Amino acid sequence: MSFVSFSPLPCVLGIAVYWIALGILGLTQRADRDAGRILYAAGAAGGLLLAVTAAWALGDAPTTVQLPLGLPGLPFHLRLDSLAAFFLVLLGLAVTGISLFSTGYFTSGSTTNDRVTCLHYHFFLAAMVFVLLADDAYMFMVAWESMALVSYFLVTSDHRFAEIRSAGFLYLVVAHVGAMAILLCFGVLHGPDGGYTFEAMRSADRTPFWATTAFLLALVGFGAKAGFLPLHAWLPEAHPAAPSPVSALMSGVMLKTAIYGLLRIGFDLLPIQYASWGVIALALGLVTMLYGVLFAAVQTDMKRLLAYSSIENIGLVLAAIGLAIVFRAHAMPALAALALCAALFHCLNHALFKSLLFLATGAVMHATSQRSLGRLGGLIHPMPWVAGAALVGTLAIAGLPPLNGFVSEWLLLQAFLLSPELPDPYLRMIVPVATAALVLAAAVAAYVMVKFYGVVFLGQPREPSLRYAHDADAWQRAGLLFLVAGCVLAGLFPVKVLHGIDHVATGLLGRGMGDAVGGHWLHVTPVSAERASYSPLLVLAGILGVVSAVFLYVRVRYHMRTRRAPAWDCGFPAQTSRMQDTAEGFGQPIKQIFEPFFRIEREMPSPFDGAPRYRARTEDKLWYALYLPLVRLVERIAGWVSRLQHGRIQWYLVYSFATLLALLVLIRCQ
Amino acid sequence: MPELAVLLLLPLAGAVTFAFLGASARAPEANAAFSGFTALAAVVLAIRVLADGPQLAMRDLFHVDAFSVFLVALTALVGFTTSLFSRPYMRNEVVAGRVGPTALRLYHAMYQLFVGTMLLALTTNNIGILWVAMETATLTTVLLVSLYRTPASVRAAWKYFILCGVGIAQALFGTILLYLAAERVLGGGGTALLWTQLEGVKDQLEPSVVTIAFVFLLVGYGTKAGLVPLHNWLPDAHAEGPTPITAVLSGLLLNVALYAIARSKVLADGALGTPLAGNLMMGFGLLTVVVAAFMTLRQTDVKRLFGYSSVKHMGLITFAFGMGGAAATFAGLLHMTVHSLTKSAIFFAVGHATQKAGTQVIDEIRGLVHTSPAVGWGLMLGGIAILGMPPFGVFAAEFLLLTTAMSAQPWAALVLLVALAVSFGGILWRVQAMVFGAPNLKPLLHRPAILPVFVHLGLTLLLGFYLPPFLAAWYREAARLIG
Amino acid sequence: MLPQYALSQLLEALFAVVVAPLALGWVNQCRAWLQNRRGPGVTQPYRVIAKLFRKEVVLAHQASFLFRAVPYLVFGCMVLATGIVPMLATALPFAPAADVIALVGLLALARIFMALAAMDTGTAFGSLGARREMLVAALAEPALLMVFFMPSLIARSTSLTTIVETLAHQRVAVHPSLAFAAVAFVMVMLAENARIPVDNPGTHLELTMIHEATILEYSGRHLALIEWAHALKLLVYATIGIALFVPWGIAEAGHWGALPTAVLALAAKLLVGGAALAVTETVSAKLRIFRAPEFLATAFLMAVLGMLTHLLLEATA
Amino acid sequence: MSLANQLVDLIAALMLLTSFAMLAQRRLTALVDLLALQGVLLTAATLVAAWVTGHAHLYLSALLSLVLKVVVLPTLLRRLVRRLDLQWDREALVNTPTTMLVGIVLVIVAFNLALPISALSGSILRGALGIALASVLLAFLMMITRRKAVSQVIGFLAMENGLFFAATSVTYGMPMIVELGIALDVLVAAFVFGIFFFRIRETFDSLDTRHLETHPAGEGEDV
């Protein structure tokens, strides 16, 4: 690098500007479709470049830039450090896949305004970059809210449907409330003499009370975006409403920006952590995780299911962050690094496989116009590419070796198993419960994903038209395959990924996982080889070796005669597609076991019904326990307030008169 | 200063012209031309003040400093863009048979007169003349509010007239008391009402008189600014008048009223040496924000809805000025600017939307973005901007205000945030309903004026990202003057 | 890597693959005796598997490539699992590739493939079986992990080699938590291997079956592989139990001299264990399907309690 | 106590009296008369001020008051009352005795408020400020308690009278230009009122402000 001075920050900035330019170009394009498609592909190239550039910057010292924009006295500060770089890598990778897919996806143009969508899509990408680069409160808020705003427009891009409009509304309101909490948090954090740059905040002194207040506000603010309980309600509404590539971006990347913000404030801007924060975060994370997975199990809409699954995954990440804080507060930096790495790794994983799965649902919707699990099935036959890609995503999200989801869960479990070294006995007692919750959620997640994949892709088609569904086109396949490759490679070479993540941990905690990561490229050994080790490549090689050996043996030793016949099914003669287990049926056991969690409305047929009909709706209890009462309260207050405004001039004059007299008496009394 | 003369005489000339020719075929264009040249004069004046500092003219009768010239420029600019918007708007009204030639003459004449009185109020050095200008502004708009002669509009105008008339009378009493206090220091004759004189001796004024004077001034001009509970004229007046008038009422008149309050506060602070004036203003501001926020939840008329939004923003600005200090006042001034720009842009869009829908009822306006994407997106972006979403400038102002409030008055910041969240929900829900969804609107004969909408929104957007140095210096100077 | 290590790994895996049906046969035979039947003999599973391999495969019309690949994948996973569990010797060369958590993951992988294959044909019983199988797994898997965590905490490692060495070679120490773990483990093992009281390996009564329902559509060599994998799974569980709770007698890798002892010890333990399993199955009745979660929840709670006990009583911070 | 002082005090007392009388009076023509009387008092007060100070512009101001407040406005209102055929007004909120009681309280409040200012100021304005303030508040009260639009306008004009009285008696008149401006505004206001009455009449067939009580959609549903 002696002759080329390469600095990543301007390059990253350039990519963001490039995306903005693409968006504007998209707005001005003619109705000519192909021109529009090229824009998304060009955007994908930008994503790849971003990932490479940011990966390059991972280990570097932070670089900063100031733009001559922003408020007077508070110009836009940008900073690229390892934490931001890691999330930029995540963003770049996910965007590459999603934009490639979008190239093939945003073609029909029948329902949405292509040009406006293209604009918002690329602005959304750029806004996320700016969120990650921001180094002062104002820039951060501007980028953060712009991100919310454009994603709101994307969510409502098909706004002819009332439920999509209300989903978008709910989303933006929750996002805005969260943003206000973040604003308050910055207000608490601000440095000496009102410094709102992050640099000033880092060096500010504050009492434990204010530090805790700031952390809790950050938890609420970023929780609203990430979907921590009880601010998760928008997720299952907004994700299904958005076009699938947008759902993928929101779930895969945007939620991570909230995690980024939490880490930025929790570890970077607040230099000292307290164990109680960690316990709060841990508990909140676990509850969110369980809640998400249980609701995912009973969904009948495939995108809602994935949205609830996102809540689960975010809860897992939060739990890991909580654990990291607990370790950090007890001066155990190596273990904190382990937990933090698990969190970050899971962020990356979730970005890859959740994007992949949302894109797969996009392909399915594109081909079938169906979102309800009750009307899908058997798509593995007409859509083998999509089904194959979705299978990888399903196995990855279910946390199975040798794919990537397993690695992060494995690291997190290792961190949990190391927590008995904590000096505080009360904390130690939390550990088993927390571990139990974690593994339970992981296991139910596998259940959920089997349901998802099985009902959508396997079995017999539940609608006749599904047989003629078309597979993804070349661009869509490219996007899917890119993400599949990401899942597989991150799963098989976790040590490489951990090397990158380790820089982040080092940057935030002052010490990373250290030599433990660098031991051997084949084995992940978070603490020491005796303690634990895992080598996904060997596991895969083992499975493939045995499978091929057995296959060859069987092939050579025995005849391979195969005959096709109707399914046996214990000899039942008529087998229609309606006799398969439905999505509701699949969720039924979970519903029954965890009944107190749900709010279930049943419509039971009576014995005398001519056309008996059974219907059950499962709803979020929190919606009724929290959101609706809140809305009612606000409406009631509005009712009281509006009584002031009754249209009688005399009374209005009385108001003025009373105000005047009250003020006069007030100042006379002073 | 010739530009000052042009600035003040041109609208007057316009008013006289239109009193006779206001219904002619080219009157809308002429209206825009008058406003355009006025705006030009304002720009020239602004440049001069920027270069040479505060100006006095005509035997100290006129005084233009950074604070007033910034509002002069804003007023003239919004006056100009509104006249552009009013061109197709009023033509459509004529086509719809809602206004006749007489009404059109009245409209154009009063429009010019209104802008003229606003400019007079801002440039005069005499707080008595300031009062006269404010009263005249009320009188000019009162007939415009009842222009359509529907029962509702007559009611609204009557309410406007009585409430503002009574309110402004209180302001006169305050002015008299101020004169009483000043006279003891400056002696009788013309100088005791001159701002430049008053400002110099403000710490010698008798506190007990100034306290009472300030209360009367606050109640008086506060009525015009729409502070709760004195605001009751505002929603109706916003709803029933022609939309260009709504735009200037909301974007200009309220600002000028706040300008008068801010000037009064300077004197009160100087005389009292206590934060009493600021505390009163903060109290009014908070109450206004909270009540207006909750009121937005109950609105079914789109113009009333945004009328309440104006009330809320006036509360925020009053709060900012009340808090005082360089940062908060800066935020207040920025807020005035962006609110004027955004709110008038919203009313432009709303005006076209209501003409298309033939109603102002929110529930009957649907799918704007389908029938006319520009108006739809204009309304949507305007709504988003006025709700304080970045990257628009309103957010910049709110950011400054809230962060300052959090250091100085944390409890108040919390109240403000709750109120902002409530009004966010209330307004977004309704804007979304109008802009999105399946369309039900009909096309118009005269093409809507989209340019003013997007010019305003573009300026607001720019202010969210970038405050030109001269503007920032200007605000700082003005904040120094009134902070 | 020394070749003898590789050899020992290969030998152990082969040993497991060969012995697995025998273990299954032993359990079935014991059960037959307990039920006053003569029983088909301990080699019956071999005969079944051999017969199935020779039969032709009848595939449902709807079956996709997934359906055909699954038997091989499941079999591969199970063989790999035997390669991880220290059956006869510790410090196997493959052990660093996967620890207990990965082992559970591997078992879960096999199960998920099984469930997906069951859903693939789109029959009523297939999907019913898949659902029930996944339900059992959703509760049994966390319990299993929690069971594994107790020895992991004692040994401060999740590597099976380290765990077994610690437990086998340590001076006698009382670990009450292991008692909880053992009970929970047995319950999980019953559930995971489709034994009474959770499932009935012998039934084809539609409404009660769990595991059998998932493999209804399989035939021929596919079914042979699955049956064999099933036997392997039982063996894996049995040997894990032995390794964790009665590890004495196991050889270290490369110690060829200790191997015969290890084989004998394992055989003895398996004989006793199989008999015990048969007794359990005979004296208990199958639970209703919705009682199964309660059964497993009990196991889960036992494991959590065990961990709590460990952290309260045994941990030395 | 100089003659001027006594005169001003007398005028102030009469001012207060007329204010109370207006509060009690329900006949519209009588109200207009009272308004004209206030105009006369105002002119007198201005003349006294002019006499004391010798300012020429105060004589002009007195003339202005005379023309506007004694001649033009009352005439205009009388014609309106006749043309629109109005005779009586009713109380909108509370009955007359109560109104009077409230009015007395207001006078006390006004005096109390004006006390510190009166204390520090010299010569002739001793009690005048309190009375001016009281007149303003009483006029305000009258506007609140009356139902007819015309009465409200009269209340409004009475309020303006109170303000003018304050200006003349307390400060010997405002600067001329301001006075002119205010007078112009009052005149314009009167014209606007006139236009309004006909608009109201034309729209509602009545000048009762009950018709002006709106029940706009979305607010006050329970009224």
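A few notes on this one:
Residue numbering begins at 1 within each chain, and the chains themselves are lettered A, B, C and D in the order written.
Keep this in mind: a residue touches a chain if its C-beta (ideal position, glycine included) is under 8 Å from a C-beta of that chain, and two chains touch if they have at least 3 such contacts.
Just so we're clear, the structure is a prediction, and the values are computed from it rather than from any experiment.
The minimum number of touch steps linking chain B to chain C comes to 2. Ranked by C-beta contact pairs, the top interface belongs to chains A-C. Mean C-alpha position of chain A lies 69 Å from that of chain D.
For the pair chain B and chain D, the distance between mean C-alpha positions equals 30 Å. Centres computed as Cα averages put chain A at a distance of 43 Å from chain B.
The distance from the centre of chain A to the centre of chain C, each centre being the mean of the chain's C-alpha atoms, comes to 35 Å. Across the assembly, chain A contributes residues 642, 645, 647, 649, 653, 660, 664 that each touch 2 or more other chains. The set of chain B residues that touch two or more partner chains comprises 155, 158-159, 162, 166, 170, 212, 235, 295, 298. Each of the following residues of chain D touches two or more other chains: 113, 140, 143, 152, 209, 212-214, 216, 218-219. Of all possible chain pairings, those that touch are A-B, A-C, A-D, B-D. Partner chain A is touched in their complex by these residues of chain C: 53-54, 56-64, 66, 72-73, 75-77, 79-80, 83, 94, 96-99, 101-102, 105-106, 108-109, 112, 115-116, 119-128, 130-132, 134-135, 137-139, 141-142, 145-146, 149, 152-153, 156-159, 162, 204, 206, 216-217, 220-221, 225, 290, 293, 300, 303-304, 307-308, 311-312, 315, 317. Chain B contributes residues 155, 158-159, 162-163, 166-167, 170, 211-212, 215-216, 218-219, 223, 229-230, 232-233, 235, 276, 280, 291, 294-295, 297-298, 327, 367, 369, 373, 384, 387, 389-391, 395-396, 399-400, 402-404, 406-407, 410, 413-414, 417, 420-422, 424-426, 428-429, 432-433, 436-438, 464-467, 469, 472, 476 to its touches with chain A in the complex. Of all the residues in chain A, the ones that touch chain D in their complex are 642-643, 645-650, 653-654, 657, 660-661, 664-665, 668. Considering their complex, residues 92-93, 109, 112-113, 137, 140-141, 143-145, 147, 152, 209, 212-216, 218-223 of chain D touch chain A.
Interface residues of chain D facing chain B in the complex, by the touch rule stated above, are 53, 55, 113, 116-117, 120-121, 129, 133, 136, 140, 143, 149, 152, 156, 159-160, 163, 166-167, 170-172, 174-178, 181-182, 184-185, 188-189, 192, 195-196, 199-200, 202-204, 209, 211-214, 216-219.
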